[in-house]
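What follows is subunit A paired twice: with subunit B in the first complex and subunit C in the second.
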Partner chain A sequence: MQAVISGLANGSIYALIAVGLTLVFGIMRIINFAHGEFLMIAMYGGFFAWSAFGIDPVLAVVIVTPVVMLIGVGLYKGLIRFALNVPDINQMAVTLGLSMLLQHMALMMFTGNNRLITQPRSTASIAIGPAIIQVPQLIACVASLSLLGLLYLVLRRSDLGLVMRAVSQSRDGAALSGIDISAVYKWAMAIGIGSLGVAGPLMAAILYVNPMVGALFTLKAFVIVIVGGLGSFSGVLIGSLLVGLAESIAAAWFSAAISAAVPFAILLLVLLIRPEGLMSARMR
Partner chain B sequence: MRDFAAVAIIIAVIIVAFAAALTDGYYMDIFILTCFYGTLAVAWNLMAGLTGLMSLGHALFVGIGAYSVAWGYTAHQWSPLVTWPIGIGLSIAVAIVIGLLCFRYGLKGYFFAIATLACGEIAFFAVSATTALGRSDGIILPLAKNPELHLQFIAKWPYGLMIGSFLTLTLLAGQFLMRSRIGYYWRSLRDNEDAAEALGVNAMAMKVLSFAISAGVASVCGAFYAHYVAFVDPRSVLGVDISVQLLVYAIVGGMGLLWGPLVGAAVLVPFGMFLRNFSFLQGSEVIFYAVLLIGLALVLPQGVSGWVVGRIGKAKAAAELPS
Partner chain C sequence: MSNLIVRGISAGYGKVNVVRDVSLTVPEGRRIALVGSNGAGKSTIVRTINGLLALRGGSVQWDGVPIESMRVHQRTRAGIATVPEGRLLFPDCTVTENLVAASTWGQPKIERQRSIEVVFDLFSRLRERSAQRVGTLSGGEQQMVAIGRALMTRPRLLMLDEPSIGLAPKVVGEIFEALGRLTGSGLSLLLVEQNVQLSLRSVDCAYVLRRGELVLEGNAADLLDHPFVREAYLGG
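Presenting the complex of A and B:
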């Protein structure tokens, strides 16, 4: 029971990370291997807001998110824009290079020390039936689900969402209908990376931050996105809950190393049985 | 014939480099590592550049080769005559299974890359959890009673000779394959799979063959690594880092030619070692790699070798034109 609760809590946090990746892929058809590194930056942002200015992680979200969104736009303007028309493998090389660059720059600037936001409420926990959930985890979980809801509304109900869905269905068709593709891409990056700005500070209160933390989440986000079906919104939610659950159950029954391999085993299974993903509506 | 001429020049360069490296253990170390990564990169490119299958899981095969040697030797005192075939055979078998599964469901491009990445990561975590394989602490290969039989040498040159000749063999065999029917099938699959299949190329068999050969070569490199370093752990032989490094060499060197990534390795490996001499630059070599990788991927999509060969071709064409 405890494993199920913490698995679901982890899963909903994963969803917040994976949704940005799938958004960027769905719209721009580019796989961002540096996605986790932006999460790492956001986590550091949250950590330093707390350690230097004593800002609560929940408040830090309000500061870090716009900054990270701007970084996303800057990334599009400065780099990704040029990578859109090169072959797949070169795109991979560009984002992998970016991920290496950010990791090692963070290592130089912040050193490899593990850092964690510790507050009075860090150790507090709430009982849910026979299981307990820690307060920072609960906060991140609630924030994640509400942000996912918000994003869903934006994509479904707003003009921006309509335009984004159009671009993801057919880039050329959308361009012919007079949609400014470049502006849509800019927004996709802003939202895709910006959602990490929400996840980062809240996660810095749960998990140690170090320069390598991002790589782990990039891989997990990939797994989730492919398991759920590329570009599928509901797929992200289902995929991340599945991965979170499987991980924590495997950790409870077996060892930590086995649990780390579990997401990849799920990925292989899904790729082999249903390569298009579990919720392959293709569309949000 | 032109292609063979290029390979002949490269082999001559390898021999000269080996002779030059004989003077100093440090240079020999650089030579050995360059050949190690160079061979891996050529094997990787056989798949990626020439058959159009990007793998991000080649660390898996390096790991199988290295762990076969390390485990066979420490647990059973098996000689390399036993452990190498085990490693190669196991790698090829694993590649065939992964290949059959992936290609059966038509995984391509990003999806194939991520599927292979996942296979590598599963092996990484599985080995990290297996007590018989030393968990994440790795395995140290102790000195044998008759060291030569276990490929343990005090001098470094025998290792240089081994990996240098293996690289040469790989290049020659690869070049031969490129010129054979199979090589043309591979390139036809890379350029247009549907068209190639329509013309009767057995896509499945050809792709699996390419994967198996590439994996076999990679596992020989892994086995060699275990002998040379006398220590294997999941990070050094099964980590994603190796797979990513191969991509870096390929992008820098160019993937259109069999030996393109070798050029990348020959430039970057010694340069990385050189940068490591300066302690104040610690970790900066990766930053340098990364910037180079991003820049070249965008500016020179065909890599350094492709660019140079293109230039030579253009110059020749210009010279042959009647003025």
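Presenting the complex of A and C:
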């Protein structure tokens, strides 16, 4: 039971990280290997807001998110825009290179030290039935689920969501309908990277931040996105919860070392049985 | 006054120029057809006008303004709408969503509803299917959505790239009948068709394209009787 609760909590946070990756891929058809590095930046943002100014991570979300959104737009304008019309392999080189660049810049600026936001509530926990959940984890979980709900509503109910889905289903068709594709791409990057601005500060209260933390989450996000089906919103939810659950159950039954390998075992399994992903579809 | 003026354009893919030195005009409110067999370069011309394909030579003017440097969505917003080859719809969106997507940039919500009603009046079948995903519709219904979506942009020129392709004659009749009702309100039409007889019967003037070059132009009625057209496209 404990494993299930913490698995679901982790899974919902994974979902928030993976949804940005899948959104950007679904709309722009670009694979951003530097996705985790922007999470790392957002985590540092949350950490320094707390350590330098004493800002609570929950409040830091409000500051970090717009900044990270702007970084997303800047990334599109300054780099991704030029990488859109080159072969896939070159695109990957661009975002992979960016990922390494950001890691090493973070290493230079912030050193390799592990940092963590520690507050009075860090060690507090709440009982849910027979299981307990740490307060910072609960906060992150609730925030993730609310933001996912909000994103879903935006995609389904708003004009912006409609044109995003339109672009993801037919780029030329959307342009012929008078939709400004590059404006939609800008929004996709702003939201895709911006969602990390919510995840980052909250996660800095759960997990050590260091320059390499992003790489781990890029990998997990990829597993989730591929398991769920690239570009699928519901697939992200299912994939994340699956990975979160499997990890924590494996940790409870076997060991933490095995738990780290579990996402990739799931990935292999899904690729063998259903190579297109569980919920494979265009963005609906 | 002429709305669309295409002068001496060349365009193509890779090393091949599919279209060479083509000039044509679509005057305001007129119905023009561009006919020719498969591979003659008809779609290429449409794609250079709507901006999906870059021009290699010549010029395209709209309302007296050169539009070569305008991006695709800007040309659409300027009043040039396309019903493209392959339709390029949004298959996982509903009929209504497909229509709305083409009006979000230009119309407040109340006006959109009115524009949608205009489309539904034109194709009443779409009203019944309004909440259905477009990917589940028949080919003819999809073509109606494609035309409807183009109309949602409130065009002054409607370009249709092979609207009859792959459709049953009855549906083709329905669509062309609807197109007939459309014109007369100042909307110009550029109809690209392989079906020469059908298109010549539904337009005022036509251009005949052969292997990337214009070989004939004139009144649609005259072209129907022209020996070359009869021999090449109408089976003698």
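Quick note on the criterion: the second predicted complex is superposed on the first by the 282 of 284 C-alpha atoms of A that agree within 3 Å, B and C clash if a C-alpha of one lies under 4 Å from a C-alpha of the other, contacts with A are read in each partner's own complex, and residues count from 1 in each chain.
Here, a contact is a pair of C-beta atoms (placed from the backbone, for glycine too) under 8 Å apart; a residue touches a chain by one contact, two chains touch by 3 or more.
The structure presented is a predicted model; accordingly, all values stated were derived computationally and were not measured.
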Of the partners subunit B and subunit C, which touch A:169 in the superposed model: first, second, both, neither? second
Partner chain in contact with A:104 - subunit B first, subunit C second, else both or neither: first
Mind telling me which of the two, subunit B or subunit C, contacts the most residues of subunit A? B
Quick one: classify A:96 as touching subunit B (first), subunit C (second), both or neither. first
Contact residues of subunit A, present in both the subunit B and the subunit C interface: none
Along subunit C, where are the residues that touch subunit A in the complex? 50-52, 71-73, 76-77, 81-82, 84, 87-93, 97-98, 100-102, 104-106, 149-150, 152-153
Enumerate the contact residues on subunit A facing subunit C in the complex. 159, 162-163, 165-166, 169-170, 172-181, 281-284
Subunit B-facing residues of subunit A, complex: 31, 79, 82-83, 86-94, 96-98, 100-101, 103-105, 107-108, 215, 219, 222-223, 226, 255, 257-258, 260-261, 264-265, 267-268, 271-272, 275
Please give the residue numbers of subunit B that touch subunit A in the complex, ascending. 48, 54, 101-102, 105-107, 109-111, 113-115, 117-119, 121-122, 124-126, 128-129, 135-136, 240, 244, 247-248, 251, 255, 283-284, 286-287, 289-294, 296-298, 301
